[in-house]
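First chain A sits with chain B, and in the next complex the same chain sits with chain C.
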Partner chain A sequence: MTEGSRLYRLFWRLPLIVWQGAFFVVPVLFLAAMTFWLVKNYRMEPDFVLTNWEKVLGRGVFWDAYWLTLFRATLAGILASLIAFPAAYTLAFRSSESARRFALFCLIVPFFTSFLVRAYAWQVILAEGGPINAVLGGLGLGPFAMLNSGFGAMVGYLTLVLPLVVIFQTWSLSAIDRNLIEAAWNLGASPRRTLFRVILPAARTGIFVGAIFAFILTFGDFVNPFYLGGSKPPTLSILIIDTTKSGQQWPRAAVVSMMMILTLFATTAAALRAAYRGRG
Partner chain B sequence: MTQSRFILSRRTLLKSAAAVTLSTPMINRAWAADPVEINMLAWYGHAEPDIVGEFEAANNVKFVPKYYAGGDNMLALISQSPPGTYDLILSDAEFVQQLNAAGYIEPMDASLYPFDDFYPEFQKFPGHWVDDTLWSVMVRYGLLGVSYNTDVLTKAEAMSYNAFWNPKLTGKVGHFDWHLPSLGQMSLLNGNKSPTPFDIDEAAWAAVQKRTLSLKPQVGGYFDYGGTFSNLKNGEMLAMVGIGDWITGVLRKDGAKVDSVIPEEGGIQWTESYSIGKGTSKTEIVNKFINYMLSPAGQVKSIEMAAYPGLSPTKSGWKAIQASNPDEAKRSGLIEGAENDPIKMFKEGRIFYRDTPKQQTLEDWNDFWSEYKSA
Partner chain C sequence: MKAGDILGRAYLAALFCFVFAPIAASVVFSFNSDRFPTLPLGHFTTEWYARAFSRPELWQAIANSLMVAGCTAVLSTFIGFATAYTDFRYGFRFKQAYLALALLPPTMPLVILGLAMLAWLSNLGISGTLLGIIIAHTVLATPFAMAICRLRLSQMDPTLEVAAWNLGAGPWAAMRHVILPFCAPAILSALCLTAAVSFDEFIVAWFVSGLNRTVPVMILEILQGNVDPQINAIGTVVFLTSMSLVIAAQFLIFRRRSHD
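Then we have the complex of A and B:
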């Protein structure tokens, strides 16, 4: 490779490098440094002490929130992937090009509104006096406590991530070479065998990426566990807010944030490795 | 085909000149100097038009608010801002001395404010003064007790904090998500009145934690300002710890069947006070605004504030609301000798002002609050 072509490539890569450096690497390094600072008289002072790490990681509250957040994010990723798949399959294989385009547009439309507004709408729908319980009451069931619960938070999570997961899966399924499916049929594979041996492996990357996005968005979400889950029990994002209220303990909140970032790095790396396993 | 023509006759000229002359006030108004911006750090609602609109128009100023919910949140915001960012700070009284210690506020000239008009209970309010130096001026206050759904609990049932353990409320007791008011009420329930529910030794603090944890099976959630409103209004929560008429008063105006009472064990007083931000160059207009808010007209606005109602610390404020809105005066007890007269309750020793913990750190209380939430 000549010096000129190296410079040419660097020129096109530079914006991404600068952007990531300025808006991701530098803030994360700052956050990491802040975890060693101290708070004196409600002001942060640069220092290098391990007190904040010891204090946060030594508390049962942190680990309770950590495992709960991890569990909910994993569950949301799995549920969203399972619920999205039939819709994505229909859009990829059973719909016309125009119908698929229209459906994808409809999946994007919810992002036009503030998510907070959608969360407030769910508060009304899930309330004991809300429409769902009214219908169930007409059938002689309930009322069920759906709001301010883990169920309510999960409804919110799926509202947030489901359209995104359907889009990822639809793109992935649409890209599958139809000849592979026809070949499977011609060789006598049942629909079920074709799905599990041909379609799912071929669409694996999109399915995994969709699930990872669902996991990431859910893991750091504050709105749903707070407004639909009633902060009961708190997730890591709620714990961050609570920690900052404790006499300006931003360094301890930074420890919680660093633990979240490390977890997301590890999970995403593992998931991407699984998604691209066996591919060049 | 018609042809448009413009002929500047003498009559047209005169008419045009008259029109320009008559519209001069509008032009002057448009050309007037830009309004002076007053940066205010406050609880929600304090810089809304129902409170500051008239003052803005009369003094060519514009309030630029930064709203917070809770004293800790206020300290977080101010600690991240350079000196001089806020000209006027509306603080909960218990955080004034922390603002002072951190150097965020200016000392105030007590002779500029109508302290003679204040009820004696509020003239030298603890936390606002250090020796004879004034750091903050009370503008309004309110009382926290038992807030409940009137379809589910009777007033008699609500007259004790033990109401929160009522089986009718299982899973339906909410908390305003701030440790000070909730834990203060638990402390009152444990009988910690001397000197205050916030000045308790380690044994009493352990008992408060135990009592609070015992409420956990009853709790349906922890809510911010908006969540507290919506969950009480839609009946999702049937009682709420740590709030009072500042929430239920607004909901009642909206037809919700909720109310607040000060129970037998006593109530907690919240107090909102104005301080002048360190380094501001607008002291004069800020002082003018504080006096405006302490005037009878300003106090009526404060009592009727759309975001949440408050009580008046001034005698003239009581008289003004009695004259202008007798129903509201009656509802909020701003009538001397009324059953819910707050001054009477002060005299009876039933009200304790919300404070930061004295024998533990704020962090101790907050850490317990986090543990309670995840228990």
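Then we have the complex of A and C:
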């Protein structure tokens, strides 16, 4: 190994380590350390006290937010997976290669476009005097209060996560060996039995990964619960923002953050284990 | 065509309508005269555009956004390419950890990343500056750049580079004459995509921006006031910008792939 090629190797390897180390790993560790700091007279002092943990975990508001966030994220993961499946099935088995590619291309686009503006659009569409209630009113129904509720937040969550879930499911369904399905047919399995005994088990990994992504995105999102869900009761991310913006209570916001990170780790690990169970 | 197929297509169309409804609605509302749009729509107007774009702070925000997106694109594409190349070329101890470092940031909730960045950058004394936003956005965008470049490299025959070495080219020359030309479309595509990621991101930017607002942070602050259709006008322009970037990025990848 010459000196020149060692320099070459390090030139390509180090940028990631330096950048993500200094601006991703260190900030998160810093946040973790901050949970033990002392806040005195509106100033933070490096220390090692458990006050922040006790104050946050000892309050009902935190646990209400925690269970609400967990419940909504789980529900969004399940709903998105169920709603996405027929679409992914159609794309994987009933569409031409070019149609599938075009559809997936379209589904990637919204992921990179502001969902803040999308949330605002839903705010207008779902409003008491908005287009949907106008149509329903023409049919003699409503008006329904759809905003500032769990329903409003869920509409926003689904807009955010459905494209991704459809993409993951389509990938894993397209990867299934067609011979397997034909074999099931030839052996006389009914369509329902083929679906449950052949297709779903074979596509399990993609379905789980889609659901996990939906869970992660919903769990951390603050735009939809804030603008469509009415922010009362708050979710964990709203709690973090309120705590951060109201003066020097950063250490308490950091405690909430750590609880979120731990929950995400635990859930993702459990779900991934389920997804790859028996696969080696 | 079988009944099941028609049902499937209809379902797919309904799902696409749901996903794209808010995007279409905000474009329509941006040209609609009603402050609180409903059906039937009001008359056509460009008033909201005129009002939004006569605000000097919007132009300042656009300049900030372009600056941040440009720097983020260059930085994250460089780091992303370097990482993809390292993964493609070398095996080493702790490679799993290295790759986890490369792909982990998008799984972190943005609110937490925003808070962590705010705390850390304040500690370094650079919170509230555009540099702070660029640093944070580069962390977020690098995994996307890495994924695109890695995808392209996986289509390359690894012996090509070795052949260049055997023919007497140094590693730098082989990089310059073999690898970079092969990866050029992926690199351009990564530049577009990372710029789009940065151009849209507002949560982390909101935490660390201070008074130097980018366009989406400005939208967020207008939203915290009253309902204002100017948002639709600004939003439509932002949509068009990031959609063009994403479409350009995909076009660059797909065009080349169909050639070889």
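Quick note on the criterion: the second predicted complex is superposed on the first by the 250 of 280 C-alpha atoms of A that agree within 3 Å, B and C clash if a C-alpha of one lies under 4 Å from a C-alpha of the other, contacts with A are read in each partner's own complex, and residues count from 1 in each chain.
Throughout what follows, contacts are C-beta pairs under 8 Å (C-beta built on N, C-alpha and C of every residue); 3 or more make two chains touch, one makes a residue touch a chain.
Not measured: the values here are computed from a predicted model.
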Partner chain(s) touched by A:86 [first = chain B, second = chain C, both, neither]: second
Which superposed partner A:57 touches (first chain B, second chain C, both, neither): neither
Chain B versus chain C as contact partner of A:17, first or second or both or neither: second
Which of chain B and chain C A:259 touches, first, second, both or neither: neither
Which of chain B and chain C A:147 touches, first, second, both or neither: first
Partner chain(s) touched by A:124 [first = chain B, second = chain C, both, neither]: both
Contacts of A:75 with chain B and chain C, given as first, second, both or neither: neither
First, second, both or neither for A:181, with chain B first and chain C second: neither
Contacts of A:195 with chain B and chain C, given as first, second, both or neither: neither
Partner contacting more residues of chain A (chain B vs chain C): C
Shared chain A contacts, counted only where both chain B and chain C touch the same residue: 120, 123-124, 127, 129-130, 227, 244, 250
Chain A-touching residues of chain B, taken from the complex the two chains share: 70, 72-73, 75-76, 79, 98, 101-102, 171, 174, 177-179, 219-224, 227, 230-231, 234-236, 361-363, 366-367, 369-371, 373-375
In the complex with chain A, residue positions of chain C that touch it: 4-5, 8-9, 11-12, 15-16, 18-23, 25-26, 29, 36-39, 75, 78-79, 82-83, 85-86, 89-90, 98, 101-102, 104-105, 107-113, 115-121, 123, 135-136, 138-139, 142, 146, 170-172, 193, 196-197, 200, 202-203, 207, 216, 219-220, 223, 227, 231-232, 235, 238-239, 242-243, 245-247, 250
In the complex, chain A residues that touch chain B: 41-44, 59-61, 64-65, 120, 123-124, 127-130, 145, 147-148, 226-227, 229-234, 238-239, 242-250
Residue ranges of chain A touching chain C (in the complex, touch as defined): 4-5, 8-9, 11-13, 15-17, 19-21, 23-28, 30-31, 34, 83-84, 86-87, 89-91, 94, 103, 105-110, 112-114, 116-125, 127, 129-131, 133-135, 158-159, 162-163, 166, 216, 219-223, 227, 237, 240-241, 244, 250, 253-254, 257, 260-261, 264, 268
